[in-house]
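Given below, in the form of C-alpha cells, are the structures.
Look for subunit A in each of the two complexes below; its partner is subunit B in the first and subunit C in the second.
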Partner chain A sequence: MASKVPQSRSRLVLRRLVRRRLALMGMVAVLLFFVFAYLGPHFYKWQYDQLDFQAFQQPPSSEHWFGTTQNGFDMLARTMRGMQKSLIIGLIGAVISTGIAAVAGAAAGYFAGWTDRAIVAFIDLLLVLPAFLIIAILSPIFSERTWLIFVLLLAAFQWMITARVVRSMTLSMKEREFVYAARFMGVSDWKIILRHILPNMSSFLIIDATINVSSLILSEVGLSFFGFGVQPPDISLGTLINDHWQSAGTPNGYQFYLPALLLVLLVLSVNLVGDGLRDALDPNAGGGGDR
Partner chain B sequence: MTQPLLEVSELTVSFPSEAGPVAAVRGLSYRVMPGEVLGIVGESGSGKSVSCLAVMGLLPARARISGSVRFKGTELLGQTDRELSRIRGRGISMIFQDPLSALTPVYTVGDQIAEAVLIHQNISKQAAMDRAVELLSIVGIPNPQQRATAFPHEFSGGMRQRAMIAMSMANDPELIIADEPTTALDVTIQAQILETLDAVQKRTRAAIVMITHDLGVIAGAADRVFVMYAGKPVESGGIDDVFYRPRMPYTLGLLGSIPRLDVAERLPLTPIEGSPPSLINLPRGCPFTPRCPMRIEKCEEIEPDLVVLSSSGEGHCAACHRSNEIEEQNLRSIDIFPAPLIVGSPVSGIPRSKRAKVLELTNLVKHFPLVKGAIMRRRVGTVFAVDGVSLDVREGETLGLVGESGCGKTTTILEVLNLIRPASGKIVVLGKDTAHMSNRERFEIRRELNVVFQDPLASLDPRMPVSDILAEPLLTHGVPASERARRIEELLETVGLRAEHASRYPQEFSGGQRQRVGIARALALRPKLLVLDEPVSALDVSIRAGVINLLEKLQADLGLAYLFVAHDLSVVRHIADRVAVMYLGKIAEIGEVNQVFGLPAHPYTQALLSAIPLPDPRKERARRRIILKGDLPSPADPPSGCRFRTRCQKFANELTEQERKRCVDEEPILSVQGGPDADHLAACHYAQGYAVLDDVPGA
Partner chain C sequence: MGRFLFRRLVYLVVLVVIATAATYFLAAAALNPRSNFEGRNPPPPPAVVDARLDELNLNDKTPIVERFGRWVRGVFDLNMGQTVDGGSVNEEMGRRVGVSLRLLLIGSILGTVLGIAAGAYSAVKQYGLSDRGMTLVSFVILSVNTVVLAVFLANAGNSFNNLIGYRAVYNTGEYAPGLEAWSWPGIVDRIQHLILPSLVLILQGFAFYSRYQRNSMLDVLGSDFVRTAQAKGLRRSKALIKHALRTALIPMGTFFAYQFALIFIGSIFVEKIFTWHGMGEWFVQSIQKNDVNATAAIGMFVAILVLVAGFLSDVVTVALDPRIRRS
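Now for the complex of A and B:
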C-alpha cells in the first residue's frame, strides 16, 4: 500500500480541480469576466465616457444593452470599465497582501526572538485599528493622485491574519529536517525562507491569494460606495453602485441591479475557484481524498 | 487433534485507488491453535497488518475482502459489526502499535479498562473498576489503585502499552492479536512489554498472533512464524525451521541483512537489492523475482505456491521454485546474495592516538529553561538535556552514540552542528574551537562537517528535484556551474544511483534510494566528518543492509569519520569502532566497541544489551534478561548522585545499604576499566564487567 505510482503533482491537482464541477464553473466564469471587462469594450459600439444625447435614462434595448444613465452614458460600457478596475484592484491587492503576509509571517516564525515579538505586536496593532475609518480619513490624500495608493492601503489592512498562519506554519516547518540540512550546510537564513519554507507552503499562499481577491473587491466596493475609494473620473463597480443605488426600486432599477448582479457573480465565482483550489491542493481538506 | 482456534483460508483484501485496485493481501491461509504464539513478519506494505484488521472486521467499508475467517468454527467475514462486537474483546482482542492513539484522552485509564469489562460482563460498576485495578497490577503498573484514576497523558509510552495489554485481556480472550506492540517503544521498555506479554500469555493461556518486522522479537516470542512478502506468505513453519533452515531467498536475505549484536567480527551483510513491488498491477510470476539473485525464467511466468518441504520439520512450507535446490545444497544467505568485501579504512593502520581529532567535546552542557506564563515569563526549572559530555572522534573512525530516546543524544549532535559557543564546555571541530569562531570560519567549517538525518523523506525538500537538492551545498559554497553538473553526476554514482535519477523528485524514490540521496548531499563538499542521525532506523529491514554497506564503503574509500547516533545497538556494533552509551545527559560508558559490548561494565549498558532481542531463537530463549524497572526519569529532575540508580538492577539487588549511599550522594565519574591500556571507561562506582551477550547457559 505504501507504493505510489509516480505522478506529477501539477497534473494531479489539475485532475482533482477539474473533477470539482463547481470549481470548474467558477474558473470558466472568472475567465469570462476578464474577457468581458477587457475585450468587451473593443467589440461594443459605445465607450464608457461617450454620451448619447438621443438616449437619457433608457431601459435596456438592442442599442444600449444595459440601458443608459440620466446623462446618457451607456451602462454596459461603464460596467465593463468598472469591472476592469475592480478586477485589477482585487488582483494587485491580493498579490501584495499575500506577499507581505508571506514575508512578514515567515520572518517572524523563522527568526523568533525579537523579530517575532516585533512583528506579532505590529500585527496585533493593525488588527485593532479600524481599517475602514483610516482609509476613509486618508482618502483625500490619494484622491488627487493615483488609485494605486488606494490598493496599497487596502492590502496593508488585509495581510495580518494570513501572516499569523504563515508564522505558525513556519514555526513547524523550520523544525523539519530539510531546513536543518540547509542550515547545517551554511545556506543563509533568507535563502532558506525563500527556497525552502515559502515554496513548501505555496498551496496555502495560492489559496489565500485567491480568496483575498474576492475580499479585496468587496472592500473596494464598500469604500467606493461611500466615496472614499476610487475617485471619479475613474470608475469601479463600487462607484457605479454608489451612483445608482437610489434607482433601486424605481423603474430605473436596472442601473443598480445589473452592476450589482455582476459583482455578486464575480465574487461568487472567485470564491468557488478558491474553494476548489483548496480541495485540490490539500488532499486532507474535506472530500479531497481519492474520490 | 484439537480444533484450531482461528482458521483463515484464502483471505484476500484489496482497496480501490485512483491508479487501480491495491492488492494488499493475496491469498493468506493460516491456523492458530489454542495457546500458541504465531508470528507474522514482513516489511511495511507486506499486508501483515491489513490481514489482521480483516480478521477483526476493522477495515474500512471500501476494502474488498474475500476468503474465509473462522473463529472456533464460526465464520467472521460477512457478519455485521454488531455481531462481531460480541466476539471482539471477549473472544479476540487486539493490541495496537501506537498506545497513545489507542486510548481515549478524556477518560481515565481505569474507566476505559472498566468499560471494556462492562460491555461483555454483567457485573456492577464497582466490580468492573476493581477488575481494572487488578488487571493493571497484573501487567505490572505500580500503585494500580492510584494509577487507575490517571489519564492517558499522565502515563509514559510503556505504561500506556501496558494499559492496552490490560484492556485486551480484560475479558480473558482466547486470542490476542498484537500489531507491532513494541515498535514505538525504547528497547528497555520493549523488553518490559515483551515480558509482560509473556506473563499474560502464561496466565490466560490465550493464543497470540504477533505481527512485527523485528525478527529478534519473533525469535524470542513465537512458536511458529509466517514470512509475508507483497501480500502473500512466502515461508512458514516452526520457528527453528524458518530461522535455521530458511528455504526461500527472501527469508534468507532478510536473515542475512540484519547485523548481529552477538557477533564481534564484522561479517558482511547481504543486502536485498531494489525495493518491495507496488501492489497495484502486480506482474504475474513471483513478486520477489526482480530482487531475487536466484531467479530463473520460470519465476517470471508462474507464481510459486506455498508447498510443504519434505525433509524439513513439520509444517515447514516455502513458496519458491528453487527451494529444493536451496535445501539440497543447504545454501546460506552469503551463498546467494552478493555481499561486499569489507575493506578496512585507509587510516586503520595508523594507531588511534596518532590520528588527528576531527571532533572533540569537553564537558559539553546544554540546558533548556522551563518557563511559565505568557507575559510575565518566569523560569520554573531546567531540563538538563546534555549535562557534561566529553568525547572525541578521530580521523577515519566511527563513534557510535547510543541511548534511549530522551537521553540527550540528539541535543548533543545539534549542539555540534550549530557550531556556536555552548553554554558551558568546549566544542572543537577540526582543531577550531566554536567559541572563538568568526562567521567566515564557521561557514568554512561547514564544508568539512555534514549531516544525514533519520527520515530521508523529511530531510529532502519535496519540491526540489534531486539535481537541485545536490546542487544546494555546492551553490552555497560557490562551486561554479560547470563543475556542479559534473560533481552531481559523480555523487549519484558514488552512492549507487544513476545519472538519470537527477531529474526526479524525492517522492518518486523508495526509502533506501532517498537515504542515498541524503548521503550524496552530505558528501557533496567532500567533508571529513559526517554526523549520522539514526540513518537507517526509518528504513525497512531488507533495505537497511544496503545503506549500512554503502556507509562502510564510503568510509573506506573517502577516509570519513562518522559520529553515528542510533538506538539500535546491533547496527552500532556492526559499523562503529568506538561506542558511547548515554543516559540522561551523561555518558555512562565509552570505549572500543568490542570491549564495551563484549564486557560491559556499567549496569545500564548491561541492561541495554540484554534488552535487545537476538534474531536467533535458541540463543534468545536461553538468555537471561535484565529487565529494568520503570521509565527514564525526567531530565528536568534527575536523581541525585548516580542518575541511573533509580532503575539500576545492581543498586536494587546486589548492593548493601552502605554501598548504596555512595550512589545516592556521589556522582560517579568515568574511570578506566580492564587494565590501563584498554580503551574503555565507565561511570559507575561499582563497575564490573559482565559478558551479557555470552551469558547463555550451555552455550
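Now for the complex of A and C:
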C-alpha cells in the first residue's frame, strides 16, 4: 500500500487545473497576453504615439507587423497599448466588483433585518437599470476626467448578481459552529465576516472575479465603441475597434480584424481559465485524479 | 393565480416608475443642453437661450425637481416633451419603435426558442458529439463582442453575395427605397435586409440560452419524478418533454426578463453597424446631442420592455408551475 502524502489545498487545485488541458492553455494564453501587452512595447521598434511618414495605410509587413493606420500610426504598437488598458480595466474592475459583492452580500446575509431589506431593494433597482444605458448617460461627466472613474462605474453595475449569491451563502454559513464559536468569544461582527465567512467562500469569489474580468473587458469595448468609454488620447481595444471597424471589408481590413482577433482570443482565454477554475475548485467535480 | 400575477404587475410597475425617474434625473444632471446653443456661431444672447431652454423644459437654472414634475405631467397627457431640436419626442419615437420592434422581436424569439431547444437536446445527449459541439460553439460566441460579431457577419454577408454572384442579403438599412411595402418584392426585400442583423441577435440568444437551459435540464434529468414518469410506462419522449423540460423551463423565466434589456442593448450595436434607424441609434444620438427628454423617454421605453418581458415570464411560470397556480 502506497502511503499517501496529504496535499495542501492550493497544490491540489493547481494540479486539477493543470490536468484540464483547455484551462491550462487558457492560463498560458493569458500570461502571454500580459507579456505581449506590457513587455512587447520594449522590444518593438515603434511606439504607439509615433508617426511613420514613410508608411500611410500600409498592410502588415516586416517593418510594421500589423500594418499602419491612415495617419501612419503603427497598428501593433497601438494594439499592445490598447491591450494594456483593457487588461488593467478588467483586473481593477473585477477586484472592485467582486469586493463590493462580497461585502454587500455578506452584510445583507449576516445582519439580516433592515440592512438586508435595504441592500436587497438596492440590488433589485440596479438590476432594472441597464448598466450600459446608465454609464452611457453619465459619460459626459467622466469623459473629461480620468478613465479610473469609468472603471469604477463599470464595477458599480457588475456586482449585483454575485452579491445575491453571497447573501444566500452567508445565510446558511452564519448558522455554522465556527461562526457561533467566534461570536461567543466576543469577536466583532465585521471581523467575523472578513475573517471567517468570506474566506470560506473564497473559491466562489475567485471564480466570480475571473469571469468578471472577461465581461468587463467586453463592456469596455461596447461602451468605447460609441465613445462613451475610454476617451482619446487614451487607447483601449474598444477605441481601436471604434476607430477601425469601418475598414473591415476594405483592403485595410487588417486594421479591424487584427485587434478584434486578439480581443476575442483574450476573452476566450480568460473564460477558459474561469471555467477550469470552477471545475478545479469545486469539491464535487470529478476528473481531478487525487482528491 | 390572479392575485399572484396582480402582485407581480404592481411590483413591476413600481420598478418601471423608479427606473424612469432615475433615468430622467441622471440624464438631466449629466447632459448639458445649454452647450448646444452657446456653441453656435455667433453665440445667441443668454436671454434668448434661456427662453428657448425654458420652452423646451431643458433649462438647468430651473430646479431639477420642477423640470421633472413638468415632464411627468406631460407623460400623463401622453406627451413626452420636445427634443432638443424642437421636434416632438412622441413623433420621433413613433417612427423608431416599429423599426426596433421588427428587429428585436424576430431575433429575440428565434434566439430564445432555438437556444432552449438546443440546450435541452444536448442535456439529453450529454457528452455526445452534438453536445460537445454545441457547448463549444456557445462558449465561443459568448466570448465574442457584439461589435466584432456584427461587423464580421456584415462582411461575411458581402462575401457570400460575391460568392454566389447574386445579392441575396443586404447589410445596410431596413429596406430598399421605392418598393411597395406590402407587395411580394417589398416583403422579400425586407427579409433580405433582416437576415444579417437578426442573425447577430439569434446567435447571441442561442449561445446564452442553450448554456443555461442545458444546466437546468441536467439538474432535472437526474431527479426521481422523471424516472417515475418513465417507470409508470410513459414513452421516453413524452416523459422528457412533459415532465423534464417543463420543470427545467421554470428557472429560465427570470433570465428572460433580465436578458430582454440586454437584447435591447445588443440592438444598439446592431442598429449602428447595419444602419437601422431605430431606438438604439436614437439613444446614442440623444446623448451626443444632450437631449434630456429623448433620453428619458428611451429609458422609459426600455423599462417598459423589461416590464412586458418580466410579466410574460411570470405568466409562463404560472402556466408551468402548478404550485404557484394553486396558491
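In the analysis below, the second predicted complex is superposed on the first by the 279 of 291 C-alpha atoms of A that agree within 3 Å, B and C clash if a C-alpha of one lies under 4 Å from a C-alpha of the other, contacts with A are read in each partner's own complex, and residues count from 1 in each chain.
Convention: a contact is a pair of C-beta atoms (placed from the backbone, for glycine too) under 8 Å apart; a residue touches a chain by one contact, two chains touch by 3 or more.
Quick caveat: nothing in here was measured; it's all calculated off a predicted structure.
In the superposed pair of complexes, A:Val267 makes contact with subunit C only, with no contact to subunit B. Of the two partner chains, neither subunit B nor subunit C is touched by A:Leu148.
Shared-chain residue A:Gly222: touches subunit C; no touch with subunit B. Contacts of A:Val35 after superposition: neither subunit B nor subunit C is touched. Which of subunit B and subunit C touches more residues of subunit A is settled by the count: it is C. Of the two partner chains, subunit B is the only one touched by A:Pro199; subunit C is not. In the superposed model, A:Val18 makes contact with neither subunit B nor subunit C. Look at A:Ala118: by the touch rule set out above, it reaches neither subunit B nor subunit C. Of the two partner chains placed around the shared chain by superposition, subunit C is the only one that A:Leu138 touches, whereas subunit B remains out of contact. The part of subunit C that touches subunit A in the complex is made up of residues 15-16, 18-19, 22-23, 26-27, 29-32, 139-140, 142-148, 151-152, 154-155, 158, 258, 261-262, 264-265, 268-269, 272-273, 283-284, 287-288, 290, 295, 298-299, 302-303, 306. Put simply, subunit A touches subunit B in their complex at residues 1-7, 176-178, 180-182, 184-187, 191, 195-196, 199-200, 202, 290. The residues of subunit B lying in touch with subunit A in their complex are 15, 17-19, 22, 24, 44-45, 50, 276-280, 417, 442-443, 446-447, 449-451, 453-455, 458-463, 472-473, 476-477, 504, 507-508, 518, 521, 525.
Contacts from subunit A toward subunit C in the complex involve residues 124-125, 127-130, 132-134, 136-141, 214, 218, 221-222, 225-228, 241, 245, 248-249, 253, 256, 260, 263-264, 267-268, 271, 275.
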